[in-house]
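Common to both upcoming complexes is subunit A, partnered first by subunit B, then by subunit C.
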Partner chain A sequence: MTNVIEIENLNLVFSAHTPREFHALKNISMQVKEREFCILKGVSGSGKSTLLSVMGALLKPTSGKLEVFSNPVSKMPDFHASTFRREHLGFIFQNFNLFDEFTVLENVQTALVPTNTPVAQMKTRALELLSLVNLETKKNTFARNLSGGEKQRCAIARALINNPKLILADEPTANLDRKNSENVIEILTKLNQNGTTVLVATHDEIFEQMVPNLKVIHIKEGMLL
Partner chain B sequence: MIFSKSLVAFLFVEGTIGLLFIFSFYFAYMILTRWNFNSPSKLQYTLEKRDYFVSLILYFALTSKVILLPFFINLLNSLSEKLPGAMCAAGVVSANEYGQILLILKVVIIFVSGTWLILNAKDKLEVNLPYIKSRYYLYLALFFLIILELFVEYLYFTNISTEEVVLCCSAIYGANSGGLTLPLGLDIVGILYLFYATWVLLFLTYIKKYWFINTAANIMYLVLSFYALTYFFSTYVYELPTHKCPYCLFQKEYHYIGYLLWGSLIGGSFYAIAGLVVSKLTRFKTDYLYRNSLVLDTIFILVCTLYVVAYYLKNGVFL
Partner chain C sequence: MNFFKFASLTLIRNLSKNIVIFIFFTLFIFIASSFIFTSSSLQNSLDAELKGQPDIIIQHKKASRNHPIDNSIVDEINEIPGVEKAYERVFGYYFFDTANRYINVIGIDFLDEDQEKQIKHLYENFDLKVFMQKDNMLISSAVKKLFEQYYYDKFFNFIVEDEEPKKVYISGVFDKRVNLFLNDAVIMDIAIAKDILGYEENEASEIGIVVPNKLEIDNIVQKLLVITPTSKIITKNNMYKYSHELYDYKGGIFLSLFITSFLGFLVIFYSQASSISGPGKKQIGILRAIGWSINDIIKWKMSEAMIVSFVSFLSGILLSYFYIFLFKNNIFVSIFLGSDNVYKDISLEPFFDINSFAILFFITIVPYLASTLHPAWKSSIADPTEAVK
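Let's turn to the complex of A and B:
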């Protein structure tokens, strides 16, 4: 299997050369292979969300090599990084990052707007995904009126709209109860079984209990264990 | 030394741009000597961030330079009120030996700045910034030009005396001026034939995509246009056969037509030269730049010709 993510000696320092200098990531080297379901496990402040953000081209490292699908993501200028994210990645956030004033359907469709997809096609694709996450009955509900679990399912549908080969999820179950967490993990597992590589930053034990063939990567104080 | 509020504002902006260039010099030097896109080192990541920062500064600085050129012409025209003998910018420019040099320097800087801006835009379209060194070599050229320009600007404005009488445009460009002579021993009719023939050449080389010849023809068109406009077309704008001046065109009495005429002419030549330079330095096609060039050159020739035709239709006679 080919490497989807390849990292060598990655470092990230915040506020370098100031009294507040902080080494968020220290000499990280790792690979994630195609079709793997991985979790980055560590306590709060261990650097897992930061590492996920670097992999998702949301943050640039201070040094080191990072390739996602053989693309030098860490070096991409912002314009290309945005395009890369749109075309290759699905990102799920702990706080959902939905537009509260938009309906569920509009939230899911929004991610397709920059691709100039015809509106009818956008709607069809969004409805397919809402059906996949069991949210089609809520398609006209405003995002602000959804429960936590529904919001996360809506966010998953939005992350899938461009058919990403890699899903990065940052604490997707942190704000959910047990039942909703199970729902989210079931969806992610199903996606993984259909060929999508999934990488989740979490400290939730439930992933190890539910996901078969899970690869666990431990991170502590910015270093892999 | 001459003084006006517009001059202070102009020099302040020019000085600020000069300071931004000096500030960027160290980073430009580092990028030119240490850049290696494939390196995962801390230095390389730092240089990538610095490039983003410097490019942004230069983008605004050079865009300001482009905007400042018409402002500079306007400033010269306004200063003519303070110089005895000056009727327009022509007298102000010829107030000392630095005026013409400064004007030519400014046009050259506009050409190089515009090329840098286009090259910068092309580089940002690529993931690995392959034209970064070309951009910074161009920056170095601009750095020295802008420092030289500031120096000449200082010499020019500090050496303008408000007490000495300067020449007016009719003394500089008029029949008995003995100043500028037409090139190649041609008379004005010969210049006009060549001027129109060059536009036809521009059109044909655009259709046939002979870009090198098109660029060369554009440079020739720029030179010929200067003489054709100053010694022939301007007389139709002023409706006076003895009034030959490339600067009075910028005045209110003539509806500021000089900005359109000189803007389209300089713009037309710029796009052709930039088209050639950018196509040699990058993998991008620059046909659209040549198209812009032809459009601007055509606007210039049409507006010039329109003045002659309008005069003839109105008066039934040529000047």
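Let's turn to the complex of A and C:
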């Protein structure tokens, strides 16, 4: 099986050479293989979000090798990195990060704005995804009026709009109750079974309870255990 | 959804945040465009008025003020080849002291077949035979209003120095939409007007000369200088030039004031846009995470700026169009004409000066977009990990 993510000796130092210097990621080496469902586990402040941001080309590592789908994403200029993110990655966040003043349907479509996708096609695709996450009935509801669970499902639909082969989720269940967490994990599991690689940063036990063949990576103080 | 649709959504759904800038921008455009509408409409009526004027005017100045001119040279001027007609013109301001207002008294020869067009059109519907039977006058509707305030609804008593008051009957009102410059006018027989203005029989305000072939004007001016070397000779071209210079001068003052205050507005706007707020940073962080590039963010922000500025631009122009042309007595007219000798009853002819608006476009929208660019870029490169915090 091919590696979706390949990291070797990766380091990230915030505010290097200043009194506030902070070594957030230390000598990280890891792989995530195609079709894997992987969680990155660690306490608060251990570096989960930071590592996810690096993988998503939002942050540049200070040193080391990072390839996602064999692309050296950390060395890409912004324009290519953005296109890469849009075409290959789906991001899901702890606090949903929807545009509150947009409707569900509009939120799902935002990722397609920079593409020249025809309006009708954009809408069809968005509706497809809303039915996948069981949210078609709320398509014209403003995001601010959704419940937490609905918000996260809307965010998942948004992350899926470009058919990403890799999903990066940062504590997607941290703000949800048990029922809604199960719901989100079911969706992620289904996607994973259909061929999407999933990497979740979390300290929620529920993943270990629900996901079969789960790969767990432990992180502590910026180092993998 | 494209950038424009997206930008209009973010603008509309955050209306309370964007309304201030929209109002300010619209207000600026409103003021500037009211000024443009007023000045170009006035200029346009002035040009139309000048068109009906004689080609050459001879005036007698004393201490740079108009002084009655001796009309005996009219016959001599009529002899000059190329002159179609030379004639005396009589007009002047009469001070109605009870009302503290000036009235523009115009004396004309009602029997003259080739009367100046803009004057002739005022009385073409009146029966001149009846009119000439006694001391009659025609007055503008603004003057009528003024007279009625002082119970002069049938006649008016003009006070004449060392004489009995001159009683002139009001035989009609030219209430048609009149030229702005006849707004405060009364017209009457030339002899009565001379009486009222204190002229001798052989005196006139000025002498008008009609020259059909414009190429001969310079030549004729030379000959006039021989006939009456101390008089001031003004050609129609000079009048055009003078009026345009006057308006350009006022326009220039306004423009510099406008640009200064608009720049002030841009500076405030710029500093406000540069300090990106927490929610703004978050939005950008989210968009970056879901695949928007720095360029995409800038395109979005610029689309917002374009929408705001275009909509404000059009609203400002539209509002001022209504204000200037549908309501009488706007304050911009008094900026140009002064408010003392103009009756507060002026409505302007709609006139759209596309060049001025093109200039307005370039001195407002272009700098606005330029001042949006840097904050937009700055916010787009802000911490892209905002979304995962």
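Quick note on the criterion: the second predicted complex is superposed on the first by the 225 of 225 C-alpha atoms of A that agree within 3 Å, B and C clash if a C-alpha of one lies under 4 Å from a C-alpha of the other, contacts with A are read in each partner's own complex, and residues count from 1 in each chain.
Here is the rule we go by: contacts are C-beta pairs under 8 Å (C-beta built on N, C-alpha and C of every residue); 3 or more make two chains touch, one makes a residue touch a chain.
Note that the structure is predicted; figures quoted are calculated from it, not measured.
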Subunit B and subunit C placed together on subunit A: clash or fit? fit
For this session: Determine, under the contact definition given at the top, whether A:Pro61 touches first (subunit B), second (subunit C), both, or neither.
Result: first
The answer to whether subunit B or subunit C touches more of subunit A is C
**Prompt:** Who does A:Asp170 touch here: subunit B (first), subunit C (second), both, or neither?
**Reply:** second
Does the superposition put A:Ala159 against subunit B (first), subunit C (second), both, or neither? second
| request: Check whether A:Gly45 is in contact with subunit B, with subunit C, with both or with neither, and answer first, second, both or neither. | output: neither
Considering only touches as defined above, state whether A:Glu106 meets subunit B (first), subunit C (second), both or neither. second
*Applying the touch criterion given at the start, work out whether A:Asn9 contacts subunit B, subunit C, both or neither, answering first, second, both or neither.*
first
Could you say whether A:Phe79 touches subunit B, subunit C, both of them, or neither, answering first, second, both or neither? both
After fitting on chain A, the minimum C-alpha spacing between subunit B and subunit C in angstrom comes out at 12
Footprint intersection on subunit A (subunit B / subunit C) at 78-79
In the complex, the residues of subunit A that touch subunit B are 8-9, 11, 60-65, 71-72, 74-80
The residues of subunit C that touch subunit A in their complex are 1-3, 6, 9-10, 13-14, 282-283, 285-296, 299-300, 384-385, 387-389
Within the complex, subunit A is touched by subunit B residues 37, 40-42, 44-45, 48-49, 52, 124, 127-129
Contacts from subunit A onto subunit C in the complex sit at residues 49-50, 52-53, 56, 58-59, 78-79, 81-83, 85-87, 89, 91, 93-94, 97, 99, 101-102, 106, 109-114, 116, 119, 122, 158-159, 162, 170
